[in-house]
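Read from first to last, the chains carry the letters A, B, C and D; within each, the first residue is number 1.
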Amino acid sequence: MTVALSGKEIAARLAKQFPGSIIEATGNTILVKADSLPEVAAFLKNAPDLSFDYLVSLTAVDYWDYFEVVYRLTSIPRNHSLVLKVRCQGRANLHLPSVTGLWRGADFQEREVYDLFGIAFDGHPNMKRIFMWEGFQGHPLRRDYL
Amino acid sequence: MAIAGPITYYGTLPQVPPDWPGGFWGHWGTFVGIILVFVLTLVMGFIWVERRGIARFQARVGPNRVGPFGLLQPVADAIKVLLKEDIIPASGDKVVHWLAPVVAFVPVLLIFAVVPFWDGALLADLNIGILYVVAVSSLTTIGIFMAGWGSNNKYSLLGAMRAIAQVVSYEIPLVLSLVAVVLLAGSLSLNDIVRAQNIPFILLQPLGFFIFFLAACAEINRTPFDLLEAESEIVAGFHTEYSGMKFALFYLVEYAEAVAISAIIATLFLSGWRGPLLPPFLWFLLKVFAVFFLIFWVRSTIPRLRVDQVMAFAWKFLLPLAFLNLLITGVQVIVWQGVLPWPVIFVNLAIMVVLIVGWSSFFRLGGGRVEV
Amino acid sequence: MVLKAEPFVVNLGPVHPSTHGVFRLRATLDGEVVVNIEPVIGYLHRGIEKLAEGRTYTQNIPFTDRLDYLASMSNNLAYCLAVEKLAGITVPERGDYLRVIMAELQRLASHLIAVGAFLNDCGAFMTPILYMLREREKILDHFEMVSGQRLTYAYMRIGGVSQDIPEEFLPALGKFVAGMPGYIDEYDGLIKENEIFLARTKGVGILPKDLAINISASGPVLRASGVKWDIRKADPYSVYDRFEFDIPTGTAGDCYDRYRVRVEEMRQSVRILQQAMAQIPKGKVRTEIPLTFRPPVGEAYGHVEAPKGELGFYLVSDGSIAPYRFHCRAPSLINLTALRDMMIGWKVADAIIIFGSIDICMGEVDR
Amino acid sequence: MEVTEKSGFYVYSDVELDKNEGIQIEALKTASQNSIPDPDRWLDEETQRNILLTSLDAILNWARRSSLWPVVCFPACCAFELIATAASRFDISRFGMEVIRASPRQADVMITAGTLTWKMAPNVRRIYEQMAEPKWVIAMGACAISGGTFAQSYSVVPGYNRIIPVDVYIPGCPPRPEALLHGIRMLHNKIAKQSIKQEAGK
């Protein structure tokens, strides 16, 4: 059985390591500040007792005020999981740091989020539309796209 | 060479039967007609046999709605294809595109000039018959390359490049395995070779047959060497851009080549028109169909080789074996001239098994990544 | 003399006989050698995730059928698990067993197509896939018996399955399960030692273990690279913890290993089916819930080991009758990430079979 | 031989290429907001026939309907019902249709099995235009007829008849192989009524 790690414990460790990086932690989830995402992700991947080497999925949710990008992490050797969330305020000109350097599995999924939600990932090697054609107006999965 | 004058039948061969239309042109005219009818009906027959046969291999029924047992299926195909719109790509080389099917088709028909349907029943009994076959049959490749070039399509060009590489490579083991047959028969004329086969040469030359069959499959682009129209890779290969009548010609070439190769294998290795009870022509036809059955059996069974593996197979496997076969045959012809054939048959079979198993343990296909 | 030669670009697809749908590879070739590959997708992007936000939870089940249309049952299962997690619904035991039976039958059907299409890409003239389709038809008969459909079943419902199986289902399944190992052995025997097949697939398109994990590959692609990771064992769902089965893994991570893993998985599926048939209890097949219901506010992620890999559904509920966000973690899309690493340096013909060995379904890649 | 120039080598293609494709898609989208009428108006017309033409028609139509070669165009779900139709149990080859041509130049009928998206539409249009006359289109499945379940989606073309003229519609999601065979028989009947005269008039 995959163990769902407690978000609070991890958040406490992370807060010690990177002060001010965690916004809140509930259940299996920790909410991370957008600026400190690269360090936190790298720590989660490389810490020997965590070793989150497998990015299960990456997606986004539109909550009108902000976009929430959800990183679902799993460790294959230790068989435990954690959910990382990052918020992106506003509706225009959205940017987040890319995690393709850590998990290349994020490649297509970040492009998908860019295409359907309009969140650009800085540092992604090929940030362009994946499903829709170039020149398509709008980002279809936003709640205000009809 | 007999082209210059009327056919001369020499030695102990019987003369032209008295009921043949007399003289030089009559003979030619008759045989041109016979060959055309023979090739076209056999192509239709082959298409039907292959489609029905492969359907049986694949646990299906195959065409059975058009005419009895679907026998008219090739006729319907032919009428339909001939009357379809003919498209020439706007940016293609129009002259080359137009000429290519003709250039590909003519040599295939020319091959049949020296194939004996009966004892002495052939258009021209050339004393260099085999050389003529080899020379003419490779001309088809030019037509295929013209098609690939004239279409101005990348898939076509890839197919055409593969065709050239493949045919040039396989010509060599093909010819070398033929030389062994010539050594046994003592003649280059196809009719004489048939007359020399008191025992079918497939028994005396099992390895030669093996090499010739594989090389011939490659020459006529049949699976596992059907690289130039590899459907899963390069769409339809060299004839991607062809439609209507010109595509029909290429389709015809594909099957006419199969007829030609089947006829040549039947002549060289299966003792051609010879056989008990049945009339010679029927024997010849039966053997042609037997060889063709083998060809499409292979087609429906084995996957395709990769382009570099096809090359490697020709140069590293077939070519050395063809040389060894030639050497062994030469020694046997000199040493065992008077010996009964039966021990020779078994010795040759054993040699074939040993050589193929032994050589294939040295020879491994696979890998092939290139650093870029 | 130096001849001027330059690489040229060939578009393999979007309509190409062996791209398994409308996939497009923008391939840069140097002669026959692939020097660069760029996958272009989106030709079947139907906007299922957007459409699902306007349908109720139950109405979305048919959409999941059309994601990976070769494994509709597995998709139904993953979606139903996610909704049940979200709304806290339990499934009766018989319903769980029926779900497992259907999911494993579906795995057999999907792997049969995968193996057959892979051999077709290798250039075998239609024969293998037609034999595989013959077995698949038998499986489809069973699905038709329970759901009345051949391809898009919508058999599973939230809280169980739509209806109990007819009486003749289990005897028919028993007959099929008894015969299937023989067919698998027969086909495998015909294929696995074929010299040409070995030459085409051994050592071709290697995906190393580290890379496989890093690109989030899943399913047979991940296991062929030597990672023993199967959701059915790692995070058992439904009643998978009651069955004995092995996780087949490869060593090299080449096309041949991916083929072997699929064939072995088919054998394991037969094993699971045998056990499930022996254990299946009597009783209800479905917890009665209204067709339209409001799950509590929150989010849930349900995942299963689909034939193509880890298939997950991430649902966000705002307390209304429709999901606020419906996201599908599509294994086919993510398995394609390493395509470029696997293909570069190989010939065009290899590129085709490497692509075929990943076994994708365009409906799921583009959604 | 040596590669002297690596100008064609790039890891990711430039955006210009994609933009051009996008412009084509948008152009097609704006141009095809109405459906193309089905090419079967002539079925109602009484044509002047004479003995020579009728017998020629009979032979020609017989040949054409007996060897309908489908082109490869299998976008989505229905493709697998089409493949099942080609497989052992239903066996499309009985009608001489197992020759599935990968090259549109050599094919006669396009069985559009699956949802069509706007991104795909120019390619389908191009395949249709590359096919040689005479050519027919069978719209297979609900998506091909009207967009089906996905009709309201932002990326789906509501029916193939926005892009290409369709001869036979087969409903179902997906249609069963029997339904596909029935559709093929209907196409046979339609071809049987064709006359060479209309073709000349086109």
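Following the convention adopted for this analysis, a contact is a pair of C-beta atoms (placed from the backbone, for glycine too) under 8 Å apart; a residue touches a chain by one contact, two chains touch by 3 or more.
All of these numbers come straight from a predicted model, not from anything done at the bench.
Chemist: Comparing centres built from CA atoms, which chain ends up most distant from chain B?
Modeler: If we average the C-alpha coordinates per chain, A ends up farthest from chain B.
Chemist: With chain centres taken as the means of their Cα atoms, state the distance from chain C to chain D in Å.
Modeler: Each chain's C-alpha centroid was found; their separation is 28 Å.
Chemist: Starting from the mean Cα coordinates of chain B and chain C, work out the distance between those two points in Å.
Modeler: 44
Chemist: With centres defined as the mean C-alpha position, give me the chain A-chain B separation in Å.
Modeler: Distance between chain centres: 62 Å.
Chemist: Centre to centre, by mean C-alpha position, how many angstrom separate chain B and chain D?
Modeler: The answer is 37 Å.
Chemist: Scan chain A for residues touching two or more other chains and write them down.
Modeler: 129, 131-133, 140, 145
Chemist: Please output the residue numbers of chain D that touch at least 2 other chains, ranges allowed.
Modeler: In chain D, residues 11-12, 87-88, 102, 119, 154-155 touch at least two other chains, as defined above.
Chemist: Residues of chain C that contact two or more other chains, please.
Modeler: Answer for chain C, listing residues that touch two or more other chains: 8, 16-17, 30, 35, 42, 45, 47, 50, 130, 134.
Chemist: All pairs of touching chains, please: list them by chain label.
Modeler: Going through each pair of chains, those in contact are A-C, A-D, B-C, B-D, C-D.
Chemist: Would you pull the chain A residues touching chain C in the complex into a rising list?
Modeler: Contact set of chain A toward chain C: 1-2, 53-57, 59, 61-62, 70, 72, 76, 79, 103-109, 112, 116, 129-133, 140-141, 145.
Chemist: Which positions of chain B touch chain C when the two form their complex?
Modeler: Chain B residues touching chain C: 54, 57-60, 154-155, 158, 161-162, 223-224, 226-227, 230-235, 299-309, 364-372.
Chemist: Under the definition above, what is the set of chain D residues touching chain A in their complex?
Modeler: 11-12, 15, 18-19, 21-23, 25-26, 118-119, 154-155
Chemist: Under the definition above, what is the set of chain B residues touching chain D in their complex?
Modeler: Touching chain D from chain B are residues 51, 55, 58-66, 70, 72-73, 75-81, 83-87, 231, 235-236, 239-244, 247.
Chemist: Which part of chain A faces chain D closely enough to touch in the complex?
Modeler: Contacts found on chain A: 125-126, 128-129, 131-136, 140, 145.
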